[in-house]
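Chain naming follows the written order as A, B, C and D, and within any one chain the residues start at number 1.
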Amino acid sequence: MPSRFAESRSRISDLTLDEAFQTAKKLFEDLSFGYATDWKSEQQNRRIVGFLPIYVPREILHALDMLPVGLFGAGDKIPVVRGDAYFQSYICHLPRTVIEMALNDSLKDFDAFLFPAICDVIRNLSGIFQLTYKDKLVRFLDFPQNFQSAVGGVFYRHELERLAADLGALNGKSLSTDALNHSIGLYNQNRALLKDLSNFRSSYPHKLSAADHYLILRAGQVMTVEHHNAYVERILELLPSVEAIEADKIRVVVSGSFCEQPPLGLIRTVENAGCYIVDDDFQLGLKWTEGDIPDKTEDPVGALVNAYLNNSTFSSAVYDGDNPKEISLERQVREHRADGVIFCAPSFCDPALLDRPILEKAMERKHIRHIGFQYHENLGQFHVVKEQAGTFADMIKLWD
Amino acid sequence: MSVFLGIDLGSTTSKAIIVSEKGSILGRGITNTRSDYNVAADIARMDAEFNARFSMLRNRVIQESGTAESWNDLFVALENRFHYLQFERRCDSLSAAMKEQLTHSRNGEELRTALDDILLRVRDLTRAKFFEGRVSSSSEFFRDLFSAAYMKELDGLDRAIFDTLTGVYDRSINPVENQVVEFDFKTLTEEAISLLPNTLANSGAKIAKHLPEVIAESLKPEDYVGTGYGRQLLPFEKQHIKSEILCHALGAHCYFPMTRTVLDIGGQDTKAIQVDEHGLVTSFQMNDRCAAGCGRYLGYIADEMSISVGELGPMAMAAERETNICSTCTVFAGAELREHLNLGEKKENVLAGLHLAIVQRAFALLARSGGARNEFTFTGGVARNKAVVKYVSNMTRTNYGDLTINIHPDSIFMGALGAAMFCLRRR
Amino acid sequence: MSVQKENSMVKQKQMLADHFMALSEAPMTGRKVCYTFVPGNLTELITAFDMLPVYPEINSLQSGMRQRSRDFIREAEDAGYSEDVCSYVKCDIGMMLQGNIGPTDQQLPPPDLLLLSYTGCFVFMKWFENLRHLYPKAEIAMLHIPYQADGKVEPSAIEYIKEQLRTEVIPKFEKVAGRKIDDAVLAQCMNRSAMAEDLLINVFESARHRPSPIDAYFGGVYYIGPIFTSFRGSQACVEYYEELWKEVQERVALKLGPITPDGTFTEKYRLVVEGPPNWTNFRDFWKLFYEHGAVFVGSTYTRVGGVYDYGFRHSAEDPLKSLAEYCMGCYTNRNLPQRIDLIEKFIKDCDADGLVINSIKSCNSFSAGQLAMMRDIEERRGIPVGFIETDLVDPRYYSYSNIKNRLDSFFQMLEQRKELVGKAVLVS
Amino acid sequence: MTNETFHTLGIDVGSSYIKLALVRYGEPHQVIEVINEKIRKRNPTHVIDRLVDELLERHRLRYEDIMYVASTGEGELVSRKRGHFYSMTTHARGAWHFHPQIRAVVDLGALFNRVISLDSGARVSNYTMTGQCASGTGQFLENISRYLGLTLEEVGPLSLQSKNPAVTSGICAVLAETDVINMVSQGIPTPDIIKGIHLSIARRIVRLMRKIKIESPVALTGGMAQDIGLTEAMREMLAEADMKLEVFAATQPEAAGAIGAAIWGGYRHCKLLEAAA
């Protein structure tokens, strides 16, 4: 069968930067998930597993010969017709486009759906999927908020094993130590590459726009990890020779956009209004684990569990008892030499918005300038964003 | 004969329906809603009553003569004249009020002469329009007819007179419109008959013969129900007021018994209603107090472009594609429209985008109420807009498959019919 | 008209007054104070350490009823809390920012322990993270309750909760209380809880009678007061339910409807309701139903602090296991299909004419998915569903005319149905 | 710093009005002329070009004589500009120019309202603005006055005559038409209707003002600041909300953005000269 996306996987080494961005854009815009269905059709026993924001242990899926595909809503790419029938006006936008895609058959080739525990909306969306897809595997994945390995760890291991067993039943595979170690290695590599990319961007923000950076990351939510590794590697090769002049813009960290994604137009508007986004939490799931996970152990599931308990990044979805998020954010600002923080969260997002006062106060204590606004993924008018970000830049440029 | 009355006091138009005890529609009446809801209701009711008497008259005449064909044209001509006479009477009150205004004016005399002249021409112009059958009785009301002709007459005048005379009109129309003008059916009909062309004088006489029988029939309703946006302001007792949702559903059910979903886009609100096989509502959704997504949205856009609502649809139909409209808010959409036009986008395309936007919003509401099911009935003033109808049909097909879509030219009366049928159901 | 008061009501009032008195005296008496949440609350444990519980949600609720919430919410929004987030949190935080004056106009003591046992809602976690910043001195215990995502309780989840109780929660209690847990008190509490739970279920199930002797929503929120908050496991609580059950039985015998603030009541429609009530306009809201002769025979909100309808009772046998099971079972910790099943059970058991969903703007935990539930119920039972939107304590989201409009149509739907069924116009 | 003076030009492109300010920069800065013209469905780019040419001609200046042309508002539409500043920065500066004692500026424009807090040196320290809904903005007021058949200039004085303001809820800028007609029909006197509307606009603005911490005194800028009825209504609403803030309309409020842009332009010009030197 001729596959539309196969080419993008084979021809990496002579890819130009432009082509690379085109690929990412195409993947971003393809709401029928052609890449995934092509990949699935190439071999029997392959399965597609859709997951919602923000984090799932993709290593396990990969080891079971499954393609994890991130479902991050559909932005403004589809009109929401039936999705609104499921969510009242005061609920965030992401679940609407997800359910819209489910109802318009975009997800028909998916074999399973995972709903990580991050908020009540995603949690209840799992129930709607249970009612909608009676014949598919719909799993809610609880993450422990207790970080003792004898307590939360035991529970999480159980969750992961149960998940692996349920998923494995879909294609008759079971989790092998070797396969999982191998997968962990690949994802370690992926995170390292993305870290390099992000460092590059932070050092040369004029050579790679935030929107393109974003698209490269987004591609990682659809591509196989092998493909994405090669792809990012190639981009890293090409980026240094980009010719561009650094503009007179301020440097900002964007915080709060961990789940429902800001529209590309918003990311562009912020940069055009004079703010280089030097770090963000847009695609947090890809960079969830900090550092490498041991990939040569007897107990790779245990390694994943430990990584979750001890090496997770910070986010509004995780209890931060011993690891206050305001300190992490400060560190992020320092590390990226940012001039300020833009709190930019989805409307009606309880986790992000309830964190905001805590974070804002902490920034004020440290005299870090900040502004905040809210968005929804299909926002089309960026006027207000432009003015707010522009004034923020004016403020810092004219006086600081 | 027992008759029943249903009144739907909408935000833009007020409708009345009279039905017989068997549930057949005897008469329909419609007028523009004005600040005094009682007057609007009264005029609509009167209009429906006249309409009913005309049908009775016609039935009798046809029964007697045995042929229907030739009479139809005759009755159209007769009713046009009848309506013109009403126009004339109202014109008289308005003229008086306008002149009254001028008495305090410095150069009053001079202006009065000018005004007299203009009013005469307004009358002539409108008479011709009526006599030639160029008035659509369900969407052009006294106010619209008068102001159209009047403004046309004022157009060429010099600035000062123009301003004074528009001011005079602006200040007079509201009070006059809110007075009830009593008409006597018999007198008016006789007069209308006398206005028929000479060639039809014979037939006119035949009609006149039946007048006494027809006016002898009582059309006093045995029971009545009011509904619509303004229903709470009607001086009706509680049992005579019903929710517009239920009335629209029941009305749609009467027109199209297979209806399971009704979408009504009116001037100030949009309703999506699910109905069962008995015409009972099973669920519904209504939009909030925001103009985005209802008739006023289009009205506002039309104002922005200085065209009439009637022209919007045809213009949007000529589009090559739909410009993407980002704003939800009506006012912002208006600003966006200007931006697009300044950037050189064709106005047809922008309009198409605006039409699509309103339909998308209506469909979100529809989805919330449970989606579209077969048969799907689309009603309300906005259903007269061809472009909206096009998008409604397209979106229905893509989202809900091949459904039968009902759009009745009379469907503006659905709420009123439903209200009338309520009376019947509770007998 | 004078408001009718029954013994049980008087008793409950006294219990509350005593409790708040004890709280206001806590700084003097030295009793330790534990802030915690209603769903999945561990009252038995708190009592076993002789601590006094404070429920921030109840404070918010009371502030709403006493028309203070608008101010408190504004205070919190001024402090940077978004308009979009749960108003319970804002109301509570606003109250603290204004001096923590509780429902009885006495100042509430600050917490010695923040017991974050969060069942069925992620906002609870955020809420406590915020409280932690307001009370940096308090000890914090976190108890994570997994979700019943697959419609059943995984044994691993019970183990997980037990382990957390053993290694995290109880040690923190012991640290704050300065002593070990009193197992005998705990056992006694568990047994008394079970007794009260039996009686409560009797009361709820009395709604199967025609006319229903209780209103399971507007009355129900009072009936659950003692058992869902500070009193479960106490003797006073058992006595309250004995009294209540006696009163209900009397009304059943006399074929009387529920006691209402406006006196007698003739039942016309029997409804089930999903979602919490509105507190800021509670009476107004009740009237909207009362005027139409509607009585609620089942309500899911009265299950947020525990679902006892399927037989669960607290038990002294393995107290930690029992507490874990209790936490897992609260209403909003159940998945949507389970919630639909419970609603359907109420509709069937009590032969209800319709369902009302009061969708709360603040509460994603309840509200996200209600429209899907509505559709499923409509399909399963073919009864009318009225969907209204209000808020718990944010008066800005209570629009009388909007609700009235929707409810009028809903009741006319019910009426039409009754009329037609009565006239046998419905051909089947 | 040079003690020379030079000319700068600020162009504020709004959604319904275009404002120009010609400034002689140099302590003290001097506002030479401001222009305020309604766009009236014309292409704004053309209007801007014509206005600039006329203004220069009137003052016998060539384009090269202007050291810095700064745009603000919808600045993309200004082709001959050197730099762009955002509305909140410029409105703050424009108001501060006339009233250096102010600590906050509230800009009441055609589609957006903005609240800006300043420190004593005209530095913007915090700000917020309206977004999705046009209720309570200048366009809303324009619509209402049109429904009532009044000019914008008449609205303010009439409002002050009200004795018994009509009660209005948060109303849509478009559907307000019906409400206004209803009020007229109930025989409510025009001043009371207007006052009711003013109070409802003021209520929204005050709610916006609560969103960030601001201190007194507060200058109002933007087109609606010319409406004395609204200013009065704001004072009443502030009192009702127990906010002790002194508000007053800035001098030439409608041109504050353009003036601010011209002044910032001068400031940047000096900076750039310094950097080049």
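Methods note: a contact is a pair of C-beta atoms (placed from the backbone, for glycine too) under 8 Å apart; a residue touches a chain by one contact, two chains touch by 3 or more.
Keep in mind that what you see is a predicted model, and the values were worked out from it rather than measured.
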### Query
Where are there more C-beta contacts: C-D or A-B?
A-B
### Query
Approximately how many whole Å separate the CA-defined centres of subunit C and subunit D?
50
### Message
Taking the mean of the CA coordinates per chain, how far is subunit B from subunit C in Å?
### Response
51
#### Entry: Intercentroid distance (Cα basis), subunit D paired with subunit B, Å
42
### Residues of subunit C whose C-beta touches two or more other chains
371, 375
### Task
Quick one: which residues in subunit B touch 2 or more of the other chains?
332, 368, 370
### Query
Which subunit A residues touch at least two other chains?
85, 381
### Query
What pattern do the touching chains form: line, ring, star, complete or other?
complete
## Note on the structure
Touching subunit C in the complex, subunit A uses residues 85-88, 90-91, 95, 115, 117-121, 123-128, 130-131, 139-140, 142, 144-146, 148, 150-152, 154-155, 158-159, 162, 316-317, 319-321, 347-351, 353-358, 360-361, 374
### Summary
Within the complex, subunit B is touched by subunit D residues 15, 41, 43-45, 111, 132-134, 137, 139-140, 143, 149, 171-175, 177-178, 181-182, 184-186
### Query
For subunit B, which residues are in contact with subunit D within the complex?
11, 34-36, 167, 170, 174, 178, 268, 289-291, 296-297, 300, 328-332, 335, 338, 342
#### Entry: Residue ranges of subunit A touching subunit D (in the complex, touch as defined)
273, 371, 381, 383-384, 386-388, 390-391, 393-395, 398-399
### Query
subunit A touches which residues of subunit C in the complex?
79-82, 84-86, 89, 116, 121-123, 125-127, 129-130, 133, 140, 142, 144, 146-147, 149-150, 154, 156-157, 159-160, 163-164, 167-168, 335-337, 339, 359, 361, 364-365, 367-372, 375-376, 389
